[in-house]
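Should a chain be cited, it is by its letter among A, B, C, D and E, assigned in written order, with residues numbered from 1 in that chain.
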Amino acid sequence: MVALVKKRSGKAGLPPGSLVHIGKRRGVKPAITLIRYDEAGFEEGKAAGVSECFPLVDEGRVTWINVEGVDDPDTVRQVGEQLGLHPLVLEDILNTEQRPKLEDYGGYLYIVLRMLSCPAGTGGILSEQVSLVLGPNYVISFQEGIEGDVFDPLRERIRTAGGQVRKSGADYLAYRLIDSVVDGYFSVLERLEDTIDSLEGELLKDPGPGTIQSIHNLKREMIFLRKSVWPLREVVSSLERGESSLIRESTGVYLRDVYDHALRIIDSEETLRDILSGMLDIYLSSVSTRLNSVMKTLTIIATIFMPLTFLAGVYGMNFRFMPELEWRLGYPVFWSLIVLIGIGMFIYFRRKKWL
Amino acid sequence: MVALVKKRSGKAGLPPGSLVHIGKRRGVKPAITLIRYDEAGFEEGKAAGVSECFPLVDEGRVTWINVEGVDDPDTVRQVGEQLGLHPLVLEDILNTEQRPKLEDYGGYLYIVLRMLSCPAGTGGILSEQVSLVLGPNYVISFQEGIEGDVFDPLRERIRTAGGQVRKSGADYLAYRLIDSVVDGYFSVLERLEDTIDSLEGELLKDPGPGTIQSIHNLKREMIFLRKSVWPLREVVSSLERGESSLIRESTGVYLRDVYDHALRIIDSEETLRDILSGMLDIYLSSVSTRLNSVMKTLTIIATIFMPLTFLAGVYGMNFRFMPELEWRLGYPVFWSLIVLIGIGMFIYFRRKKWL
Amino acid sequence: MVALVKKRSGKAGLPPGSLVHIGKRRGVKPAITLIRYDEAGFEEGKAAGVSECFPLVDEGRVTWINVEGVDDPDTVRQVGEQLGLHPLVLEDILNTEQRPKLEDYGGYLYIVLRMLSCPAGTGGILSEQVSLVLGPNYVISFQEGIEGDVFDPLRERIRTAGGQVRKSGADYLAYRLIDSVVDGYFSVLERLEDTIDSLEGELLKDPGPGTIQSIHNLKREMIFLRKSVWPLREVVSSLERGESSLIRESTGVYLRDVYDHALRIIDSEETLRDILSGMLDIYLSSVSTRLNSVMKTLTIIATIFMPLTFLAGVYGMNFRFMPELEWRLGYPVFWSLIVLIGIGMFIYFRRKKWL
Amino acid sequence: MVALVKKRSGKAGLPPGSLVHIGKRRGVKPAITLIRYDEAGFEEGKAAGVSECFPLVDEGRVTWINVEGVDDPDTVRQVGEQLGLHPLVLEDILNTEQRPKLEDYGGYLYIVLRMLSCPAGTGGILSEQVSLVLGPNYVISFQEGIEGDVFDPLRERIRTAGGQVRKSGADYLAYRLIDSVVDGYFSVLERLEDTIDSLEGELLKDPGPGTIQSIHNLKREMIFLRKSVWPLREVVSSLERGESSLIRESTGVYLRDVYDHALRIIDSEETLRDILSGMLDIYLSSVSTRLNSVMKTLTIIATIFMPLTFLAGVYGMNFRFMPELEWRLGYPVFWSLIVLIGIGMFIYFRRKKWL
Amino acid sequence: MVALVKKRSGKAGLPPGSLVHIGKRRGVKPAITLIRYDEAGFEEGKAAGVSECFPLVDEGRVTWINVEGVDDPDTVRQVGEQLGLHPLVLEDILNTEQRPKLEDYGGYLYIVLRMLSCPAGTGGILSEQVSLVLGPNYVISFQEGIEGDVFDPLRERIRTAGGQVRKSGADYLAYRLIDSVVDGYFSVLERLEDTIDSLEGELLKDPGPGTIQSIHNLKREMIFLRKSVWPLREVVSSLERGESSLIRESTGVYLRDVYDHALRIIDSEETLRDILSGMLDIYLSSVSTRLNSVMKTLTIIATIFMPLTFLAGVYGMNFRFMPELEWRLGYPVFWSLIVLIGIGMFIYFRRKKWL
């Protein structure tokens, strides 16, 4: 189950900018990879420490430093010192329960995103915070270090000469990173839709108390998705509006495309939500309908057998003078009466559409 | 059933601008028709390939190229090359699960619409994406190639000399195409209204579990309609506000008319939604009311026969000393008592308005 | 029942500005009345044809042409030709299923309103479209021609020398026409309130399945009212903001008054809607409560008579050795037991507050 | 019960500015009181007629004329003539069913407020319209003349030398009048809260059909409060924004305080509304829960006694060859069986948590 | 239970600026602590009276006066006189039922906050009003004096040389105070989440009428939280927008951080609210499901035993000629029949999935 409320109180009382890891510990040793490229070529490598990556001398090339694993405040602090990042940025990178947001610190942009994925085989949604620091000619990305990396196809593109990304600047690289994150939302949406489809089938065939629980769990996951994608929409919208000089105009049209994707995700999420609400109505009405059918059964049985039992009781009485009891045909007449009453009741209930 | 969530994840990882068809394949071979007209005359024809249509030499005439079938990326790519369209535009034309939108690329406008229709004989709503590229003197329209073409009456108008469309420019042609699409929404609305009317009748006469399922399905179709018409409203509103120099002022008043139609569609959709919600309430209350009536029947039967059965049981007891059993009139008195109790109960239930 | 969705598809494919009547045909032959006035005097008359009314020579006087009945496109077309109205305006006048709106065509304003009335004796709301064309010194009003005319008191005022209307211009006349329409909404509101009041009484005394149906119908009527008054509010607000030079500043304060009335109508409509929702809750809870009371009756009956019947059954057994059966006082003791059990049950249910 | 919809249709057709009293007649003869003050001194008196109060010669002093009772249009008309008020203002003063509003007529402000009070001993909310006309050096207030006057403490303050009100202008006096009205809302809120508290207790101890009716009535009163306080908030907000030159800047901070009070009233009202909704949920779920408990009782009784009665029935059969009947211990064994079955059932229901 | 509606009516009629304590009396004698610091050093002490703290001579240092306990208007009045605060500010400090707000009085800012805490061992939320007066080089804070002080860690930071707070001005101190208050909200959120988690477990295992009551209580607490945090968000947003010259630009980025925290609190609160609503649905559907299961039990019992009892009744009849009674195997055949009917019923109910 996704934990929906972010815990933070452990840090209450500490001064702002204190570098303490907040959130779920992943137990990942920080791994730093460095890619430097321009249209002409690229170089790639793993760095043993932060100091290897700095300084970012060559102005003409784009540098992408990816830090995987933020359990350890040290790496983050060193990156911050090298680039002169504001303490609050470092604090937010370490607190992996941020809300997606964009902050413009003049010389660089700080972007927080939430990456969602549904690995095959597991039932739930994996969530990971991705922080981006976008400078004039560099992007530093921080991941929590969950298995599987949606940035791999992008790395492959950079290695390929002639791609758009090699020709463009750091802002385009940041766009591609954001786009990769947003693409992950579509696969989450698809899994949610599949679950809803199968729930809908279950609802029509064999609804049980588990169905309502599944609907409830699905709702929680969709709340989680919504809480991630709405602020993301705002982040991309701010970027696209071109308020920062770090975003070139040519990148704007691509950001508009991402914005469009975010809108479609929101649209789909709202649609699924409406469908879920409808399913709850169907469930409740099906429970009522079944109750009705149970009660009809009971009423039919009672209505048929109560008069019959009464009649049998009457002829079990011990009054001395009960002429019927002496009749030769008393017993067959009794059974004929019973059968007549039964048939009458049956016709009556048919007419009332209870049978 | 309309699929409400757009699948896109198949493309995750590809660079933006990759020309891959996304969405439901229609299996339609691209068919290109070309219409060129001005006030003086017009020419019309089918083109075997994209190259036949270009270049768009004569400035004074309006060229309308209609491409039916976008399964094949090649045709779209060739059109894009001829006109110098942005790769993202081509990508969006090929992805037939776009949200209606308007994008201004300076030299041309890119408009995505969703065309809805309810062909007689089928139960559902057909949906098709229509992309328009509006340049200074041309409109390129892309359809998915579903049977039936709402643009035929417009073609007929172009063929007729003296119509408004022949006197006007490419922007007016684009307006007419949008207007044709919006007109299709009204017929969808009418079918939805008819379905609701017949459901309402069913609800009052003979509601069953199927009714609630039909309401649910209708809701899904209306969600689909809403998701198409709300962004359309924004598209038309942007066009009308005259932010692009490609839209002449004289066309603005017509766009305002389309905008007005979009508002009326939204109005009607909201109204139908409110009515559907009300129908759910009626259904649930009718289920409750019928349960009440079933339970009343049961209670009446039990209340009448339980005391009677008890009385019959009493006189079936084998106590040695039961004076009533010896009475001459014991048995007739018993029956009189039974009838009296029965009548009393009947009056009691009448007073309680249960009968 | 009010039809809530506007049908329009019959016109799909026709070019914009086609003069075809859309909507419910009233079968009314167009009747044209002409009033011309200034502070000094007025003249009034019925015109046999449109041409009699034009041209509108004298600048100093206000001309009010009222056309009753728009089934016939001809009259409207002639008016349009005389005044040089835009084809879309004529189309909208003929389509009597417009949404209330205001359109500024520079030289004149086109205003669509919906007039509602509740004639005594009929159960429902009558709805009629009123179109106004307001020029510098004239107002042309188009009505559908339903019986009863709310403009009569206004005509009377014009005939009276010294009234405000005689001293003011065409914009003030338009305001008075709008005001007359808005005043009609209050009477509709009052009828709705009366219906709600009587429904509320019914709900408390004797709710039945018909009650829920009445609530549903009332809701539909209120949806209809809301759909008319919200856009009307926008129309009046646009007029009041004084964006058109055709509206003098002195008229603004009167339009603010109408705007205020529209707000009050919306307020009241929302209030009634809230009350209706509350009534649905009361109905559903009263159904539940009655079910509870039915079930209590059943349970009480069963709880009392089942043990008694069992006891009677016991003493109806044919075991050879049942000492009680031989007792002299067996039968009276049995009855005493029965009475004791009955009293005990009664006390028990009293304590449980079931009786 | 508070009437929620304002009737106005009685006036339909009359020209605007017609001086006719609309609303509930109070049967109060207009009483005019006059207070004139500046920092140095004050004079106070009852005026027999409107003419006594005018003209408002002395510029340096503030004049407050309070008119109690607006059934009679004459007094209002005379005030209007003396001050040159717009006919629409006079019309609105006489129509005691206005929505709170602020209108700026240049030389004076017209303010409509709704005064609410809960006199001890009565069950409901009393509502009275208060109109204020604020000029450069005067305030004219119109009340409907309900018993009890919340302005008395303010009069006392004016009589006391040295108070803030004596040092300030007419705008401050208007602020104090508005503040007095707003203060009355708090007492209404408190009564509503008390009622909700006692309803909540009733809900937990002994909910009945009356509870739901009380919740419904409370909702209506809260709708009424909301409809009064939301427009009031707008009125105060407009005043505070200082758009009128009649409001000095020093008064702005006090108006901000009133605005704050209005916000708190809205906050509290929303809170109470949320609580009321929650109470409805509790009621419905408690009805369901009680139904469950009734049905359990019934089921337990039936489940225990039906098998027993059957068994008793079996041994009441008259088969010639029933060996058990001949047993010496048949009867005691029967009773032991009965007791065993009873205990078994009891344990079974305990396990199912039904007992 | 948290009282949600603020009482104020006790003060109705008093002039604005009257210094009377409104709200819950805490019975705390005012305690004044004084801290003065700059980068070089700091001094700290308790003041016996207000006069000891003033005047605030040294411009270069920041003075923080903390007043704990506002039952007594005297202390507040003296502070107000020393600093020349507006009477409305003093009134608001004494009325501990304010809505969080920010007021800019030019020379100083007045900020009202609500501090929430969940002390271990108590079940509820403690609420305390904190008022801040921020001047050029001083902050005066007023607390109600509830036990436990969230400002202690901050004091400790001031005592430590070299911290950010010692280097910064009074505006940074105010930020730190606000941040401390906001941090308290996270712990409240966590407690609410824990309660919801345990309620969710209860709901799945053993829901009872108490569950719905707990959900209702939780809702009330969340309403209370919401009412505190939404206006707080506005306060911080106003501060951050830098409209006051008292807030240095360097502090803006920190305020943006607090704003972000407020957004996260709102996000979490909304999430919890959605989950609570879902829980209500689950509860209601589980009640319905259990009712269904109870009714099934009853129906099964009745359906099995009613025919059997009837049959036993039949053979208890005293007809003289009933051939079965004379059969040797009559009794065993009867029992076989009973068992057969029982098995048949059992199979029937299995097929219907009732067992």
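The criterion applied here is as follows: contacts are C-beta pairs under 8 Å (C-beta built on N, C-alpha and C of every residue); 3 or more make two chains touch, one makes a residue touch a chain.
Predicted model, so just to flag it, every value in this text is computed and none were measured.
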| item | value |
| --- | --- |
| Chain copies touching (subunit D, subunit E) - same or different residues, decided at half shared | different |
| Separation of subunit C from subunit E, taking each centre as the mean of its C-alpha atoms, in whole Å | 42 |
| Distance from subunit D to subunit C - Cα centre to Cα centre, in angstrom | 26 |
| Residues within subunit A bordering two or more other chains | 284, 288, 291, 295, 298, 302, 306, 309, 313, 316-318, 322 |
| Graph class of chain-chain contacts, one of line, ring, star, complete, other | ring |
| Chains in cyclic order, anchored at subunit B, direction fixed by subunit C | B, C, D, E, A |
| Interface residues, subunit B side, partner subunit C - complex | 150, 152-154, 157, 163-165, 176, 179-180, 183-184, 186-187, 189-190, 193, 204, 253-254, 256-257, 260-261, 263-264, 267-268, 271-272, 274-275, 278-279, 281-282, 284-286, 288-289, 291-292, 295-296, 298-299, 302-303, 306-307, 309-310, 313-314, 316-323, 353-354 |
| Interfacial residue positions of subunit E with respect to subunit D in the complex | 4-9, 11-17, 86, 88, 97-99, 101, 103, 105, 206, 209, 212-213, 216, 219-220, 223-224, 227, 280, 283-284, 287-288, 290-291, 294-295, 297-298, 301-302, 305-306, 308-309, 312-313, 315-318, 322, 324-328, 330-331, 334 |
